[in-house]
Amino acid sequence: MTEINTNQAFLEEVISATPGGESLLTCLQCGTCGGSCPSGPDMDHTPREIFAMIDAGIKDEVLRSNTPWYCVSCYYCMVRCPKEIPITDIMYTLKRMSVRAKLFDNSDAPDFSKTFITFVENFGRSFEVGMAALYHATHKPLKKFDMGPFALKMLIKNRLALLPERIEGIDQLRAILKKAKSLEGV
Amino acid sequence: MNEEIFEPKIIGFLCNWCSYRAADLAGTSRIKYQPNVRMIRVMCTGRVSSVFILKAFALGADGVLVSGCHPGQCHYEKGNMSARRRVVAMKPFLDTIGIGQERLRLEWIAASEGPRVAEVVAEFTETIKQLGPSPFGRRRDEN
Amino acid sequence: MRYGYYPGCSLGSTARPYGISTKAIVGPLGIELEEVDDWNCCGATEYIALNKTAAYALIGRNLALAASQDNLEQLITPCNACYLNLKKTDYYMGKYPKLAELTNEALAAGGLSYKAGSLTIRHLIDIVVNDVGYDAIAEKVVRPLKGLRLAPYYGCLIARPEMGEERLDDFEHPTYMDKLLATLGADVVDFPLKTQCCGGHMTQINSEAGYILIRNLLHNANENNADAIVTLCPMCQLNLDAYQSHVNRHFKTNYNIPVLYFTQMIGLAFGIEPKELGIGQEFVSAAGMVKKIGTEPEVPEPAKPRRKKDDKSLPMPGKRVEG
Amino acid sequence: MTEKVGVYICHCGSNIAGIIDVEGLAEWAGENLEGVTVSRDYRFMCSSLGQELIEEDIKNEGLTRVVVGACSPHLHEKTFRRVCANAGLNPYLFQMASLREQISWVTTDKDKADEKARALIAGAVRRVQLQEELEPSEVPVNPNTLVVGGGIAGIQASLELADAGHHVYLVEREPSIGGHMAQFDKTFPTLDCAACILTPKMSDVGTHDNITLLSYSEVEEVSGFVGNFDVRIRKKASYIKEEDCTGCGICIEKCPKTVVDDVFEAGLGYRKAVYRPFPQAVPKFPVIDYETCIYFEKGTCKACEKFCPTGAIDFEQQDSYLDLNVGNIILTTGCDVFNADQIPQYGYGRLANVFTSLEFERMCNAAGPTEGKIVLRDGVTEPQSVAIIHCVGSRDKNYNAYCSNVCCMAALKFGHLVMEKTDAKVTSFYIDMRTPHKGYEEFYERLQEEGMKFVRGRAAEVTNAARTPNEDGKLIVQAEDTLLGKQRRIPVDMVILMGALEPQVDARDVALQFGISCSMNGWFTERHPKLDPVATMTDGVFIAGTCQGPKDIPDTVSQGAAAAARVLGMITRGTVLIEPIVATINEDKCSGCRICNNLCPYSAIEFLEDKDVSYINAALCKGCGTCVAACPSQAISGAHFSNEQIFSEIGGLLYDVVGGNGAKAPAPESELVLA
């Protein structure tokens, strides 16, 4: 049970980690975001509620919620928000925070992202076959059944690359990403 | 007064109808900004002659701000345009006499733009801080 | 017209038909694409979920490479996600100096740097409809898509978010692809869900949620008797096409709507052989649709009648009928 | 010359004293500033006790100059000038330093605040010593008044003045007065019929001996100043000879050309090419619309002319001009309504059964396109369910950040009308329900009792994309019900968009024409937001109604009456003082270069051929000082803003800079220090 005002610094953290995040202070709780969101019905909390919770400093509950992970980045909320709050970017911020705080228990979403970037960091390109294999094998053993034929069909349709492409400048890319992460203090 | 805590002394000429009222609005809205600009009320920026500006520098101002109504919004129809012509014309001259044109700034601030006053003062104060004291400004130590 | 070209990962795999058809039509359209050497993945919507600075640096590398490649000024991509990432990074680096600073600090580790604004990032369809233009396209149409009723589906990331002054079109109801398909001779559905979400990565992380979104789109396209949905995004195409059978299984529906790329439709209208446009690689076969080309439309559009004396109807804003 | 300067520092309670060491400041001024003989601080200088303090000192200490460090001169300069005058000191020998607006309210660092305060006081003290006695000139006030805009605000103002026995020229752009109120059916919260209460006032205006109604006319030029404005009115050609027209309306009946009426019918209805916006129009004369008339388009038709029983049609008529002289001007130019197709997700213009609030007002109006029947765009089907969306273009940074004030109540009114005239269910989508006036909250409760539903959540979108059978053929309003934290989709037949009130498209041009200012949004700016709401910064020009900001009918009417009262005050006083801040040319110095002649915005400078010098007509000069600054031979001096005065003010402001000589007496004549 989280008690209110546990973490007043939370609001500040979110704002400083999001380009243009200051506008979060002016949220008028109108619900345009929650109303516009394609995943709205599946979220533990609507974006609007998340903002109220951030304001109240209920950090853990926010970082535990599935809301940011159900954001499909359609940007409807962002263009409709009457206060021009960069909602989608705030969702990304919350994803990063929850991964670092290891608070989001249903690990599917984060691990999908992790699998995805593993390939990007090793090859410089994304790679569906590997992703499907790795992600579904490590993640949804039950779903493998479903995904097997799926991937197969993709192959038949000639719509899967069999081998990952590796870019030439992979070392350069790694150096860049390494530096970037150190800058962000990861 | 030593340089690392150099506080610029800036003279501001604000028109009575737009910019001076914007400063009033900044006040009533309690918007905080640097105390470096000391403001003079003129009826219109059109009244701000080059002599005013030179006098301010001559008396040791580190910067001069001239602020009036937006183009087309001048209470006297086009006084602000004369001010613009004058300021533009003066800038190269300020370079030649070694004051530097960055020390003279013209801004349009409407009566409703209280926050803008704070922004402009902040920016301009910062600019002048970067430039350092004016070559003409010989300070006596305050006590 | 010469442009830098950033295909994006999917065009080599899941969206191979997009790549093929793009290559097939740029010639006739007089577009010269110069691929960015050794470009890397843009990170889709996933990378930024884990690292912010790294995500911008990842994209920054592509921008830096393109900008330094014999002075390219315009960078074109056919993928909505890549388009958003490239454009948003350029825009944010201009808008938020701190972000630009960090990104360039990271890029420096690879001996690169990028200055916001050095490149104009544009989507393939933007140059097709605006640089080539509808008239030039119309001239090349040898096989009008007469008889086809098409639902133009733009997806999210080409329409949103707001990224500076210049905008391709409306955030919610763009019309440039509608005009394009009409130019090709097709009967165009006024598709109300044209910029709604295709489910994005939801099909991966919560298929139930993803299927619902796909169902909504298929349902409405079906209601509008669309022969096909036309997309300009690999992710949209994959979700609507490859998962259509999953959706049918899941909701006991039997949608059978082929999902094609606008480049393939242009190719068809230009008389290029379906095979050379990668048609046949889609999950939901477009064979039937291709056959229909040239036939009479099933639902002829009723011409708007002049207002009669007894007509009580109220004027529609914008659409004036005088009596 | 040694002046005796009195310096008075106001605490303004803690407003100034909270940041600035007022006692210290007064002390410092007394000790360091030459010429200062009295220096005091007091809790409230503007209080009667504070004022007496100054009067006493002027009398007993023989002060010759007065400086008050308090609030902005825009608040109390007049007050203290009067104090000086009462004590026999010329009011222009007074100077004010804005310690509150420019220091204590905007500065956090106390020491820096004190430093700046000393600078401002030093500046004022040095300046005031060079200020000269000035006598404001007194001019008579022309008792006639110009009212611009014939909406309810302009009607109210005109009647107040006319009934008081003064002549009013009421200018209206459209063919009839009445404004937006004439378009409405009912008015909240009492639901009395708009026409019933408005039309009597309209005909009063039409028949009043003291009112010259200039409809279908616009103000072309304005010049002059308070008490004595010269105005040129353009009366647009209506192609109807008003002296012959009986207003029988046969021409309208016979006119073959029907067009959509985008103005009065808000695009929901039609009118003829020769038309009268509505039956009770005042004046009764129709006008022929040049743009749509078949005769002007094709050169044939003249149906109206054929059938007019009095031969009142005149296709040769031209615009005519009217030159007036008035003492005061009241602007009641009203507002516009937000163009809803700017918000694509609400589908206006794309989805037939999405209506704007103005369209719906016309639909409800018994004299409107549907005779008051509430129907869908097909003109026959009655809706079973209606959604009302609030804040369309209001409280939205993408369009207008402000609250439009009237929409919540209008939405409640609409809810009532829908439920009264149909069996439809009504749901309102609101962010905050704002009902802060007499009887308004009660009206809200009444609608709840009548069964109107309220969803707290801004509608996200209106779509025709049905997902389920019960949504088929409907408009679906999707929103988050923020009180449930759940997304809801509510299928309805009709959607009403409560569009924001916006300034008239040409508000800025009008403001410029009358020499007043606009807010960033384009609303006319009042002299003081609380204490002087209907006056403007330009003496003799007043504003009332929605041209000043969004407001409802009661507030609009009050302002119209208030503006009239202010004008009556001016008329009763009979004369007005003109600030003596004018420029004068020293003929001996004038080289006759004529540079100043074209610079003057008021052509107040003429060239005297015989003397070969320029001359300034004080009556026309407004004292901007542009000519003073521009004169190459320094021959022009600006009263109250002379070079010497400004120079010594600069010197004082830079008291803490060597070369400023801040504490010393001001240099009498200006020496250009740049050798």
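Observations
Think of it as A, B, C and D in the order they're written, each chain with its own count starting at 1.
Operating definition for what follows: a contact is a pair of C-beta atoms (placed from the backbone, for glycine too) under 8 Å apart; a residue touches a chain by one contact, two chains touch by 3 or more.
From a predicted model like this one, the values you see are computed outputs, not experimental measurements.
Every chain gets a centre from its CA atoms, and the centre nearest the mean of all protein CA atoms is that of D.
Two chain pairs, A-D and B-D, are weighed by contacting C-beta pairs, with B-D ahead.
The distance from the centre of chain B to the centre of chain C, with each centre set as the mean of the Cα atoms, comes to 51 Å. If you average the Cα atoms of chain C and of chain D, the two centres end up 48 Å apart. Distance between chain centres (mean CA atoms), chain B to chain D: 29 Å.
None of the residues of chain B touches two or more other chains. Residue positions of chain C touching 2 or more other chains, listed in rising order: 171-172. Within chain D, residues 345, 461 each touch two or more of the remaining chains. Every pair of chains meeting the contact definition is listed here: A-C, A-D, B-D, C-D. Against chain A, in their complex, chain D makes its touches with residues 345, 391, 395-398, 431, 456-461, 478-482, 485-487. Residues 170-173, 192-193, 216, 219-220, 223, 311-320, 322-323 of chain C touch chain D in their complex.
Residues 258-260, 267-270, 341, 344-345, 348-350, 352, 356, 369-370, 375, 377-380, 461, 463-467 of chain D are the ones that touch chain C when the two sit in their complex.
The part of chain A that touches chain C in the complex is made up of residues 17, 19-20, 38-39, 42, 69-70, 72-76, 78-79, 86, 88, 92-93, 95-96, 99, 108-110, 112-114, 116-117, 120, 124-128, 135, 150, 153-154, 157-161, 165, 167-169, 172-173, 175-181, 183-184, 186.
Contact residues of chain A toward chain D in the complex are 28-37, 40-41, 45-46, 48-49, 76, 80, 82-84.
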